[in-house]
Structures are given as structure tokens and as C-alpha cells.
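Provided herewith is a single structure, encoded as C-alpha cells, for subsequent inquiry.
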Amino acid sequence: MTVRVGVIGTGMIGEDHVRRLTTVVAGAAVTAVTDVDKDRAAAVAERFGGPTVHASGEDVIADPDVDGVVVASWGPTHEEYVLAAIAAGKPVFCEKPLATTPEACSRIIDAEIAAGRRLVQVGFMRRYDPGYRALKAVAADGSIGLPLLAHMAHRNPSVPPSVTSEMAINDSVVHEIDVTRWLLDEEITAVMIMSPKRSRKAAEGLQDPMIVVFRTASGVLVDAELSVNVQYGYDIQAEIVGETGNARLANAGAITVTSERGRAAAVPADWRERFAGAYDEEFRAWIDDVGAGREASGPSAWDGYAAAVVADACITALHSAPDSGWTGVPLRDRPAFYGA
Amino acid sequence: MTVRVGVIGTGMIGEDHVRRLTTVVAGAAVTAVTDVDKDRAAAVAERFGGPTVHASGEDVIADPDVDGVVVASWGPTHEEYVLAAIAAGKPVFCEKPLATTPEACSRIIDAEIAAGRRLVQVGFMRRYDPGYRALKAVAADGSIGLPLLAHMAHRNPSVPPSVTSEMAINDSVVHEIDVTRWLLDEEITAVMIMSPKRSRKAAEGLQDPMIVVFRTASGVLVDAELSVNVQYGYDIQAEIVGETGNARLANAGAITVTSERGRAAAVPADWRERFAGAYDEEFRAWIDDVGAGREASGPSAWDGYAAAVVADACITALHSAPDSGWTGVPLRDRPAFYGA
Amino acid sequence: MTVRVGVIGTGMIGEDHVRRLTTVVAGAAVTAVTDVDKDRAAAVAERFGGPTVHASGEDVIADPDVDGVVVASWGPTHEEYVLAAIAAGKPVFCEKPLATTPEACSRIIDAEIAAGRRLVQVGFMRRYDPGYRALKAVAADGSIGLPLLAHMAHRNPSVPPSVTSEMAINDSVVHEIDVTRWLLDEEITAVMIMSPKRSRKAAEGLQDPMIVVFRTASGVLVDAELSVNVQYGYDIQAEIVGETGNARLANAGAITVTSERGRAAAVPADWRERFAGAYDEEFRAWIDDVGAGREASGPSAWDGYAAAVVADACITALHSAPDSGWTGVPLRDRPAFYGA
Amino acid sequence: MTVRVGVIGTGMIGEDHVRRLTTVVAGAAVTAVTDVDKDRAAAVAERFGGPTVHASGEDVIADPDVDGVVVASWGPTHEEYVLAAIAAGKPVFCEKPLATTPEACSRIIDAEIAAGRRLVQVGFMRRYDPGYRALKAVAADGSIGLPLLAHMAHRNPSVPPSVTSEMAINDSVVHEIDVTRWLLDEEITAVMIMSPKRSRKAAEGLQDPMIVVFRTASGVLVDAELSVNVQYGYDIQAEIVGETGNARLANAGAITVTSERGRAAAVPADWRERFAGAYDEEFRAWIDDVGAGREASGPSAWDGYAAAVVADACITALHSAPDSGWTGVPLRDRPAFYGA
């Protein structure tokens, strides 16, 4: 009953997934890997129980000892591997982004619909975080009334000087895009970018911090602060405001220490510490689905597509209309295949 | 050494100030009152030690047993009483608004400058709240680096159906306007209004909730949520985000109760509960200044004027440019009289 | 209507009360002072509006311009001044301790009963702290069910090397004794002392930390940690555990600061910072009572007596029975004069 | 490389461990089960992938397809199965208690020492909880100075009327015993029991709540409240007080909800919810050790023995010396086999 997984891309994230599938998640085994850097693939294979090292992603997908495929390679290669996995009829877990353009994501959607079965899951791990799950439950169960707006913040300790505003949107804001859609269970239809005073910690060409505002189909507004050089840690905030109450991530840490520093809780050092459990749960759920022969129940190709279109709209807004009104989100019609 | 105070307007707020000056704040005595409702003024006088009941605000100001004047009457009457107090050379504490138009506020500024002495203090009591004071201290002392943006929320349990969006801006958002200017120690130069999904608790003609964004002279952005029908209590949030950290109001309550309701802290029922201590401190500071013969050290006529202009700009934005870019704040030049 | 107060003892605490009655609390004026150090009394008088400087406490009490007396002199002198005030029929606010022995406290009780009127209030200021008041309300209103036990901690940043275990009980634990009796509305009937590992910050002869356990008449147990050299600040904890819930002081501070130190709230530096508001309220209530000609409604001579007897029992336990069972509290019968 | 596990006892806890080893923990497979109720064993086997159902625990241990044994049967049977596993040279994970008497635990220690290899791990899962791990780290790293005392509380929503004080000590307090020893890294040498007012929710014969005090070899005191009918949830508290600071479990929950119930966090419903992650980690670590051929690194037979002796001392204290001084803990000398 063990699900045999092939992993395409064994860089930092890919290797971490190999580790997770080998040593953390029950019912899974990594049987095949590949990477553009063959030595790296070989080293990872050796470290984690000796899966076959293939020359290409296509070989991983074709390997008869592979039941499911994890795509963790460079973003521009995602489309081809995901399409190949669909063509092979194999479940595929694709790290974000699903693909680097809305058009490419759209082609994946079409292929999946043609295959007639949900084979694709996208790596939006926050949906598996206990905090976000509790927020979604509360938003849905009436405890705070109908959601009207939300506040979010995404704070990274630092980013390399090479990171641009566009990259920050695609890599970081994309998480707020996905959780907004998921928490509120509706599409984002317009976005706005606002530019606060820049941090002197930010490199040239990077608007840091940035405020991104999402408007959903029903009119909910979500303001999301992105700050990527806060120095002190990795700090994720989210609050949903409903008609009769509100709910927010507690982020309180496991213990409180009182000392000459006051009464303090630790802040996670980075995203790996903050979302380690979410990554584990994400793969646990995917392996469960694959092992049981069920269609993927996690973030879908449609979710990957929608995130890409919204992120694109954010970049458009940043370039053409900062601080000046809404930029539309040109989503294609949602195929019935993906439910209502 | 007791400061003898005359109070113009003994409605809900005026009466509360009479009570405060009589029974809470040391060194003060209310010696004269008036109100458009003479019976009400007489009743308040009887309840609190029998100050003289005058026929008009002018009479209160002219009373030789009045060292300082509190204006707590209907907003449209503020200008005339404040100008009269200035003309009489008496310190005047004016509840917000200083006056109902920027032009009227400007006339007060001119009169005060002509008088050559800071006689006017405006009732922005939040500046005396321990939480806001701690935020200002932290913003200034470098603990969180240079402030770049801020998030605020102003939530009322409910408002009467007669309250319009304009009134909500003038009565509620004005506090966020003032604390933004004070916390950051600079002017607001542009505003934006965003309209989230409306609460079904809101009456016709009221945009509730509303998001107001302020941009300051140096480029700091402040987003402020106004929600005036949240049902559950009076809930004030503020967070300043700096280059290397952030600080927020704790609002934790005096005790935590764990029971079948979970682990819970109480939320204040209304603004009086939330800011009772701030009102006391505000008057304590004013009485100290008046008693010592010092110029007013609290919120100035300039602060009252600036708040009025920013509130006006918010209303303009609401009418002409909701969700679509910045509306400028046409402040006159700051007179040297009010410092740099 | 101003209450004219005479203050006996103008040391650190006495001077602070002079300041409070002069500049903070409405309706009061300090008209007479004295101190064993005449220069100090004169200096305080000059600083705060020039009350008469008397040669003795008796003169203060006898002064016709004194409506109420505050005793803040050296503990061993308290009995004589309180008895003199009772003899003079004047309300007297006595800083803790009411007197230095149970017998002396008992004589005050007898004198007050003979006078037929509650003239004495003891300075247990915690009863006026919003946190403790909220705890008492919750203990009484059924939110947590019937109280069964409580946990407390009293932590001082440091004490001088001259402080002994007996002094720590009389000066610090006495507050836990009083709030235990007040929160639970019943007497302490037995005590136990436990001796944890000693802090290397503690001087010879001082058991620091110490755990004191109180048992009340109905069987509620209260364990109180006393730690007097914690270095980091002044930290007061209290939690009441009832049959269906519990409640604790939040001690959360006004703001939360997130920075390289984590997410932190400040801890008060000392008891003055922690209980400043409680001291103000305590005197406000006393002045209200005196001004209205009412009997004292705050902590009574009986409360002062009971605290002294319990503190004595703690010292007995410390000497004769550390870590080994209950030591009884030999209270006299509660006079009907003090209510049920 | 999969570790093949045989599970003896498939009651509520045993079945949960079968589920965990089958569907949560990587690298493990349950290959054999047994239970006194054969139908139950068969049902569990069917539900989780069809391990062999054996007639006896001895058969499970002897099964060549079993690499490691989990003992989750009725307490009185633990000794025999653990000894059999040691005799078979197989790693054995034994749910608490290791055995029902100190003597039985001691026999296991002797057998393990004779076997020359740490084969036994006891199910004290709290050592794998992130909160307790953080407490231990802080106690060790100097952040709060040398630990001097600790406060703990163990609160269950309710227990069946059949639960006695002795059972409550053996089943619940035993966790505080273990974490005290582990957090402080030293033995408990004496205990005291104190009896607060009884809850009316408690059945006859049950002292609820109960305060248990531990004294360690170096003199640290730990007071632990046990309340087993608090109604509202499962609530575990722990605070270590050091010379210069203190640290406590945050127990803050994943989100904070503000509504008509105040600002509230949820309390776990029961121990399974509170410690689900700790159970997973506990088995993950055990499987890692067994898979790697390492000696057990978790709670040892010595830990199981020490917990039993301390629990016994608590029961002695309850019977013979409630509220009256220390009862010694008659530990045998710690064998060098278990380290310093």
C-alpha cells in the first residue's frame, strides 16, 4: 500500500520533500529522483534510502515504480512536467507556482479536464496550517457573522538584494492570494497596490513594504502588508472581520518567557519553522489521497491558475496604477469540472 | 490654587466632564455651567455642588469666577465659544470638533495667534491613553526602527440608524486622524477611502465597514478600518510597523477567565469604558497647565484644524473617488506659532 | 466640601500620599504634616502647597483644620496615632501594618468599637486594583463556580541585604494574606511555609523564594510564591480556581512589541508602577467616604488585625515547622461591629 | 527499512497507536496485534491493513515479523510483556505505567541491565510536546537562571465516578512526576499532598482538587494542582521559576476569536487533542531509533521505575500524612547503566 513517489527537482525545497516523504509521512516512499544538477540528485538519493536517479523529469514520470510525482524544479519547467504527468495519468503534486503564466496554467487546466480526473495538486501549504484551518472554520460556522473584510501581514526577516517587487509578489503575496480565495471561498476580482514609505533595508527596485488590497466577487476587501526585511523573524498575521466578530491567528508560541527582556514569546525564524507542520500535513493528505486512489482533494489546478492571474494583476497594478484604484483580474470562466 | 472651570454644554459628555472636574481631578472646581436646555443645566448644577447656572455661554466665559472654559456644546456652536474665550484671554478646552469646518478652525487659529498665547486645547483624549502613549514612545525610541506604515481599527458596538458615513468620519475616524498625526509626528497629506462589503447591521446610507487610508508627508501609510455595528463591544486596535519591528495595543483586559467559553478576556462595552482613564488624564493635564499658568500643552487648535481638513478630505474622497486613488489634504501652512 | 487631611510621616510613602492628595485626588487638601525628621516634613510641606508643619502626630490629629488623618510613619508608631485619631473621633487612614503586633491591632479594634463608628481604614491598596477587583467579581458571580483553591506569586526585583524572612512576610506576604481574605470573603485559619531551593541572589538569613500556603475557614487552599530577588521586574500573579473555571490577572501591559527580542510586553519595574492606579483609587474612595461623612468602607481595623495574626502565624511556621504541616491562626472572635 | 511493530492490547489507546503507526508515522508497519478481546483485535486488524492477529502477547513478541513491541494492554500485564520482550532482545515501547509496582519496575530494570542494552521506552509523551521541550530548553540555557521552583496544573474535564484518588495519582499526576524529573534533570526525593476544598463535581472517595508538592534532590519545589472535573476542557499548565526569570506553557490556541463571548481562545477538549502531536513525535522518535538499530533514547525503564516510586510515595502521603510534611521517596540507587 506504500505510495511510491518520484521527485523532480532536488534543490532546497525538493530535498526537504524527499526527507519528508521518506522520514515523516507514513505510507510513502521516494523511489525516483532527478535534478538538473545530477550530482545533487545523486547526493540526495544517497542520503535518503537510494531511490533511482533518473536523467530527466520525463524518465521519473515514466518510471513504472512511480505512483505519484512531485514537481519541485525551477518554476519555468513546471508546466511541462505537470502536463507529462497528466498525460501519464499519474497524480502530480506541483510546488507553487503551478506554472509561470496564466496561459500555461490554463493549458494544464484544459489537459486535466481532458483527462477527466483531478490529478493535480498545488503546494499551497497554508491550507494545512492549524491556524488557517481554524480561521476558515470560524469564518464558515457563523461565530463571527458574515465576513466583510480581512487584514493580513506577511513579514520575512530578509531577502537577497536580487529580489524585485515582481518576485516578491509571485513568491510571497501569492500565499495571501491563495488563502484569501480559500478562506472566503470566492474569487478575487480586483486588486490594488499601495506603496508605503520604503524600508532602508530594502534593495533598489524593491517596493518594501507594499500593501496589496484584494476585492472578492462578493465585495470583501482584504488588505495584505508585505514586508520582506523586518530583520526580527518570520511573522504571518491574518484576521477576518465579520459582521459580529473577528478572528485572528494567535501566533503565540509554545511558551512565554519572563526575564529582563520582558514577558516574551519567540517569533519563528523563517517560513520553514513557521509552516513545518503544514508541509507535513499537506503531504500526508496528498499521500492519503493517492494511496486510496482518490482524486486530489487539495489546492487544484484551478487554484494554481487563479493565483497566477491575481499575481499577474498585482504586477500590472504595480506598474501601471500604483495607489490609484482597482485593477481587474481577468479570470476565465471556472470550469464545472472544478465544482461550483 | 483651585482652578475654577465654567462648562458650556451639559449634555451627556458635558455632564461627564462636570462630574470628572468635581469628583475625580484634583485642583479643579466647576463654578459655572450653562446649556441650551436650562433645566438640564440646573439639574447638573444641583447634582454637582451647585455651580452658577448661566443663561449663555458668553456669560460663563465672562464670569469672573471662571478661570478656564470647557466647551462641550453642540458642534456648530464651538467656534463662537472658543473665539469668545480667546477674546477673554481665558484657557479653553474644546471637545472635538474644534469647529465644524476647516475655515472656522482656521479663524480660531488666527485668533489664537493674534492673542499671542496658546489658550486652546482640543479633546483628543486618546493621546492620554497609556496604550497610545506607549506606542508613541516606542515609535520614537528606535525599538522598532523608523515607522513605515500602521494598521488601525475602530469598532463600535452599534450606531443609531441616523448616522451617515459623513458623521462616522467626523465623529469616529477623526480619532484615527489625530492619533496618526500625533504618533507619527507629521501631517497627513492624502487620503483614500475603500468600501468593503457592507454589514447587514448597517442602516441605509452608511458605508459600514469602511477602510480609510492616510498618507503622511514622509510617505507612511496608515490603513484604518471603521466598523460601527460590530455588536460585541468597543474595540480599538492600532499597530505601528517599523523597519525592524512593530508595536500594537495589547487590549488584553485586566483578567483572563477560563471557562466553558474558552480562555477569554472581556472587551470594553463602549468608549467610555475604554477611555475612562484617558479622559481623566486629559483633564488632569489641562487643569495642571491652567493652574500653573502655563500655555496649553495638549492637542492644539492646529491639531483641531488639521483633523478637520483631513476629515473633510475623507468625505470628499468618499463622494468623488471611492476606491480610486488619493485625495489631497489642502492644509494651510503651519504657523510658526505652533512649533515645527 | 474639601476634605482637609493631616499626614503623619512624610518619608517615601508619606510624601507620595501628600502628592496624591494634593495633585491627583479631587476634593482633598493636605493641611498639616509632621515627621520625626522635621526638615523633611518642612521640605515636603513646601513642595506641596504649604500645609502646617506640626511638631508631633498628636498635634496633627488635634489640628482643627484636619478632617482626616493619614498615618504613614514608622510601623511601631502606628498604634498610638490610630488610637489618638479614634479618641479624637477623626477618620484615620493607616498604612499597613495597622500595628506591629496582633495585640496592638486588637486594642485598636476595641477602641474603634468603643467609639461606635468605623473610623479606621488600612492601606491594602490591592483591593482597588482593576485586576483584583475583576477577580473578586468573577469569584462571586458564578462564572467559574465555587472557588476551591488559588495560586499567587509576588515577585520583587530585589531587596536590600538587610531584609529578613520575617520582614518579607510582614511587608510582602501580608498583601497576599489580605487579598486572599478579601477575594474569598472568609478568614485564613491555618498556614504552612515551604522552603524551595534558595536563590543565590538572596542574602544570608533570607528564605528566598518561599512558598506560603493559606487554608481558609471553608477549606480553600491558596499557595503563594514569594520571590524577592527576581531581577527582571515586579511581577504579581493571582489565579482563582473554581469548580467550573478559573480566572487570573492578565498582567499583559499596554502594548506588545515585536522585535529582535521576540513578541514582548513590558513588566512593571516596581510596586509603584504596578499599583499606581490602585493607590489613587484607594485614596479617592477614602476621601469620598470622609467627605460624605460616611463610615470607612475600605479595609477595616479587623482586616488589619487579621492580617497581623496570619503574618504572625507564618513567622511561627517558618521558625518551628517549616515544610511540616499546618500552623493555626489564633484569631479572636470577629466582633459583630465588623459585620458577618 | 520499515520497522515492523507488534501491538499488545488494542483497546482505545492501543488502537490509536495502531492507527498512528499505520497512517501517521513514516517507516513503520503494524504486522501483529493481540488483545484479551479477540474480536476487538480482529476488528482493529481489519481496519488497519490486516496485521496478523495473535492469541497472546507472547506470540506477538515471538513473531519473527515483529521488530519492536508496543505494550498497550491492561497495566497489571505490562511487566510480563516487557520482560518477555527484553528476553527476546526486542525493543519495547510500554505505555505508562511501566509496571504497577516499584518492585515490578525494578525487576524490569534488572532484566534490561542483564540484557546489556536499552530496549525499553516508557510512554511519557509530554517529553515530545513542543511546549515542554521549549521549557526544558529554557531551563537549561540560562535564560531564566537556575530553576528554584515550579508550578503546574493538570485539569481534566471530568472523570468517571469510579476514579479514586489513588487512580488519579497513578494516571494523571504521574505525568507531572515525569516532567518534573525530566525538566529539572534530577530525582524527586520527597512529596507532600495537600487537600483543598473538594469540588461538588467529584464523586465520593476522590480528593478533587488535590495539590501535590515534589521536592527534588537539589531542593527545587514543584507544586502541582490536580483537578479532574473542571468541566470546561483539558488544561495543562506548567511554569518554571528561575533565579532571574520564569517560563510557562503558553497554551494560547491557534486563533483568537473576538465576539459576544469576549476575546477568546479555545481550550482543548481532552488529552488526545492536547497531546496529539506529542504522541506522534514520541512514536516517530521510537521508530527512528528502532529502525536505526539504536538503543532507545526516550523515557527509560529507570524513568518508569522512578515515576512508580514517586506515585507510590504520593499515595502513602495521601493515606498517612495529608497536609502534614514530607514523605520520602525510597528510590534504589540509580544504576550506572542509565547514565549519570
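Remarks
As written, the chain order gives the labels A, B, C and D, with residue 1 at the start of each chain.
Keep in mind that, in the parts below, a contact is a pair of C-beta atoms (placed from the backbone, for glycine too) under 8 Å apart; a residue touches a chain by one contact, two chains touch by 3 or more.
These numbers come from a predicted model, not from an experiment.
Of the chain pairs A-D, C-D or B-D, the one whose interface repeats that of A-B, sharing more than half of its contact pairs by residue number, is C-D.
In this assembly, A is the chain whose CA centroid lies farthest from the centroid of subunit C.
Rounded to a whole number, the gap between the C-alpha centres of subunit B and subunit C is 37 angstrom. Subunit C and subunit D have Cα centroids lying 44 Å from one another. Centres computed as Cα averages put subunit A at a distance of 57 Å from subunit C.
In subunit B, the positions touching at least two other chains are 231-232, 244-246, 253, 257-260, 265-266. In the complex of the two chains, the subunit D residues touching subunit B come out as 231-233, 235, 251, 253, 257-267.
Against subunit C, in their complex, subunit D makes its touches with residues 145-149, 151, 153, 192, 194-201, 209, 211, 213, 218-221, 223, 225, 227, 229-232, 241, 243-246, 323-326. Of all residues in subunit B, those touching subunit C in their complex are 1, 21-28, 49, 130-131, 133-135, 138, 143-144, 244-250, 252-260, 265-266, 277, 284, 288.
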